[in-house]
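Okay, so here's the structure we're looking at.
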Amino acid sequence: MENLPAIATLILSCANQKGLVARISQFIFQRGGDIIDLDEHVDKDEQMFFIRIEWDMKGFAVTADKFENEFKPLADEINAVWEVKYSSQKSQLVIFVSKYDHCLQEILWRHSYGELNADIALIISNHETLRHITERYKIPFYFFPITKENKHEQESKELALLEEHKIDTIVLARYMQILSPQFLEKYPNNIINIHHSFLPAFIGADPYAKAYERGVKLIGATSHYVTEELDEGPIIEQDVIRITHKDSLKDLIRKGRDLERMVLAHALDLHVNNRVLQYGKKTIIFS
Amino acid sequence: MENLPAIATLILSCANQKGLVARISQFIFQRGGDIIDLDEHVDKDEQMFFIRIEWDMKGFAVTADKFENEFKPLADEINAVWEVKYSSQKSQLVIFVSKYDHCLQEILWRHSYGELNADIALIISNHETLRHITERYKIPFYFFPITKENKHEQESKELALLEEHKIDTIVLARYMQILSPQFLEKYPNNIINIHHSFLPAFIGADPYAKAYERGVKLIGATSHYVTEELDEGPIIEQDVIRITHKDSLKDLIRKGRDLERMVLAHALDLHVNNRVLQYGKKTIIFS
Amino acid sequence: MENLPAIATLILSCANQKGLVARISQFIFQRGGDIIDLDEHVDKDEQMFFIRIEWDMKGFAVTADKFENEFKPLADEINAVWEVKYSSQKSQLVIFVSKYDHCLQEILWRHSYGELNADIALIISNHETLRHITERYKIPFYFFPITKENKHEQESKELALLEEHKIDTIVLARYMQILSPQFLEKYPNNIINIHHSFLPAFIGADPYAKAYERGVKLIGATSHYVTEELDEGPIIEQDVIRITHKDSLKDLIRKGRDLERMVLAHALDLHVNNRVLQYGKKTIIFS
Amino acid sequence: MENLPAIATLILSCANQKGLVARISQFIFQRGGDIIDLDEHVDKDEQMFFIRIEWDMKGFAVTADKFENEFKPLADEINAVWEVKYSSQKSQLVIFVSKYDHCLQEILWRHSYGELNADIALIISNHETLRHITERYKIPFYFFPITKENKHEQESKELALLEEHKIDTIVLARYMQILSPQFLEKYPNNIINIHHSFLPAFIGADPYAKAYERGVKLIGATSHYVTEELDEGPIIEQDVIRITHKDSLKDLIRKGRDLERMVLAHALDLHVNNRVLQYGKKTIIFS
């Protein structure tokens, strides 16, 4: 991806009205942009308009720092919620972990391979367990043990750290703590979790044990944005694998690991490439 | 399947102890049976033994009508729950339907193709809607409208009919009535339902609407044995398909139909081929 | 689908240049069209532009019969290959069959369910075997036995029949004859076949026997447009299912039937909804 | 897996005859073995008998070193091909790599997680590229550059090294050299390769480029035993993923990496757990 000319991506939603595609594409064309990929959809029940546009910045008259001002009049007129990202300005990630390393390893490996369109700025954990892994990749590791008493204080320190590093996306890679509402409101729409079940089945703790108990024939994993309601945030990606009666609970946990890391990696990929638009309790995925 | 010599299948479960495979396979060998397929598994946590054996009846010294007496001493000694079926004695099915015909059509089509190892003895419905379909296949169709007031009486008539036709398996192919506990206890372990969700997600009514509302990325279908607790019976088969934000609720219902009929057909296939062993709230599937 | 206002869909490809989306969407907007769904992609290697647009005809100033004239100047200027379809003008299908009925049954069933956005005008077969099925659905059935000697003559009669019925799409639903080049050139890009393998593996006759012989762990089915080179036409849809060593060749054929009918049905669905754009030896699928 | 009592697994094939299951299970029972899992199948066309038995060694009268002598008379009598493995005697692996590290990383990661029932004794490569990775895991890395001239000599050195380390299984984790027939005959049935296509489609070099060119809708990966005929050895495991026209060749390569590492890891898992029986050009997979 390194030597490609920069690509801009815009995602936008607003109430539907005639002429939106024409106006937005005209806006880009008039400033010299070459639209490489465009995906638009109208939800006819809700009469909502959703669009993602990807254009080549080569020859585009508006630089990244000026785009907001330039696009604002049109966006305001159509009352749009929107976000633009540039391939030249990578997402800044923090990964929160506890003791399980499979999701972390998967993300670090993909990043080292140049697959992840983002910078992993730092790792935060409530345990020291995984420090050695992050050192190998030369990514700063911060240890914030959490107790009932110190939670508020520790989260404040974490938030200060995130601000300092200009973090825009938080990945909970099997982080075994619940973030406080105060923390969540600082990063609305930008905290991605992986839950080890096919939500909404098996919300909460120990989903594999519950799946084993129920005798399901497929187990799942779900990556979603975090909201105040546990495991109820907008779903980004889900997948399942087949299990049999020969699989013990241990086997479910082992097989589930492959699923968790793949589903989280795909969801993160969609997010950093500006392919996810949150709308109400759902997501629009431009894939 | 028509011209093959008869095949016997035995499924059996009991508390685990050493030597069970040896004793059971010896029993069959000594009577001249050629074991074509055997699948055995011990659940180490529960210390339970599960087995399915398939053998060629050609040269087997015990005829179907005498097997029970012959096998009983061994089965009693190991305190086994067991069932034997023969390819020459097909399952006798009744299919319960209401107004939707996709699951019914799938089963009838497979049956007409010789794929289903069973006889479809009759169709029962609480509506007249699908009578024309069953007439085409020359299968008797019985109309039992159900109201709060007549439910008990109608079910009694249905049960009498099932007894008369020596029905051993009941398929609820999107039958929109709940069978009474009195009905269920006449056919323990032999009533197969299709639920249009990935259970235990979206139990009860309108699962597609709930799935649409929640914004899941996969929809599912589950075939299970019916017990008194709604949608809580042992699961036989489940599967899922991917959906996107472009799919309306109508699209979910349309796409789900393909899933429902495939999942129900596979579950029924497993059941009539004696590949399902119920154990507690789960199933062992010998596939 | 019956009572919805008409929907128009345009698919178009041409050499890429800046401003194409703006110009085309402007064209529709200026005539009062409300774009419901738009999917555009530029192949950066080939510098080719591909687009599918779906708009509501309610309030659109150009009626279906006038669209070609109205759109031609723009299309010519950008040197585009394009096609427009209307939900109010259904595709006219002929289904060619031989002796296997599973693909035919699937299409007929979907059609009867209102799922298939097309009219099945007639069935043509080189055998009498399946006449009874089509009679049940009240669709005309034509028997054209094919021999080496009469092939040219019979195909001429078939073509006359297709012209008479204004057929635009030919479905080969396990039709066991090879159409002549003369026939094919009358319906370029509009003949859809189902091949019972994961192409390009197992081209030609007996793919299941070859798959069984090779010991593959998945079997596939492929739906593609028919060209002069056997099984080499542009692929529309493919899928696979898992098999095991317990599956005999007969089992592969049985399991493959489910795959064939689903893959063909999906491909046909994509085609009649104007979601397939052929480009060289490939297809662009707007799904 | 560490604290479990040892488990023995036997895989065996021979011409079918009555009583085989009884005799083999009797053999194990008489020596005090508790059969945990047994999977037997007769190929009725070939009249071949295949079995895998897993039993608990706790209380088993025959130690691993004496089993061969003890079992030989029975095995000889039924003219069986067989192999026994013990969970307490792990497979000794060598991994051959070139420059791509994704398959290697996956195996090393699973091994570090205790998921792989084997020891990775050493890594061999024809390039220095991946030395740093293996050092991180403290596994010896050997560099054997291969040219046309030195191939024979280098392979001899490699074989000496393998013998010294008592290697029983060779994994070609995207190793970009073809092993000579002389090398192959030293490790019949024990060299596992990953090919980046759905074999037999796209045999040989550059399968992703060929898949891209053909316009397939799914790409695959195949893990198989290596034989003298390129990409023609018995297949252990295959899987596929969906691609679209939006995927460039680079995207295919990127997405394919996930598939390759999963398929190779699963195949290796099956192999080291004695779940693969080679028969002719195929495999029997006891899963």
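Which chain is which? They are A, B, C and D, in the order written, and residues in each are numbered from 1.
Simple rule for what comes next: contacts are C-beta pairs under 8 Å (C-beta built on N, C-alpha and C of every residue); 3 or more make two chains touch, one makes a residue touch a chain.
Quantities reported herein were computed from a predicted structural model and do not represent experimental measurements.
Chemist: Compared with chain B, which chain's mean CA position is the farthest off?
Modeler: A
Chemist: Determine whether chain C and chain D, two copies of the same sequence, contact each other through the same residue numbers or different ones, counting it as same when over half of the numbers at the interface appear on both sides.
Modeler: same
Chemist: Where the centres are mean C-alpha positions, what is the separation of chain B from chain D, in Å?
Modeler: Distance between chain centres: 37 Å.
Chemist: With chain centres defined as C-alpha means, what is the inter-centre distance between chain A and chain B in Å?
Modeler: Using C-alpha averages as centres, the distance is 42 Å.
Chemist: Could you say which residues in chain C touch two or more other chains, in rising order?
Modeler: Correct list: 37, 41, 44, 246.
Chemist: Going by the contact rule set out above, which residues of chain B touch chain D in the complex?
Modeler: So the residues of chain B touching chain D come out as 16, 18-22, 25-26, 28-30, 32-42, 44.
Chemist: Name, in rising order, each residue of chain D that touches chain C in their complex.
Modeler: Listed in rising order, the residues are 41, 43-45, 50, 198-202, 213-218, 220, 234-240, 244-246, 248-249, 281-285, 287.
Chemist: Could you please specify the touching residues of chain D with respect to chain A in the complex?
Modeler: 37, 102, 105, 109, 113, 115, 136, 246, 254, 257-258, 262
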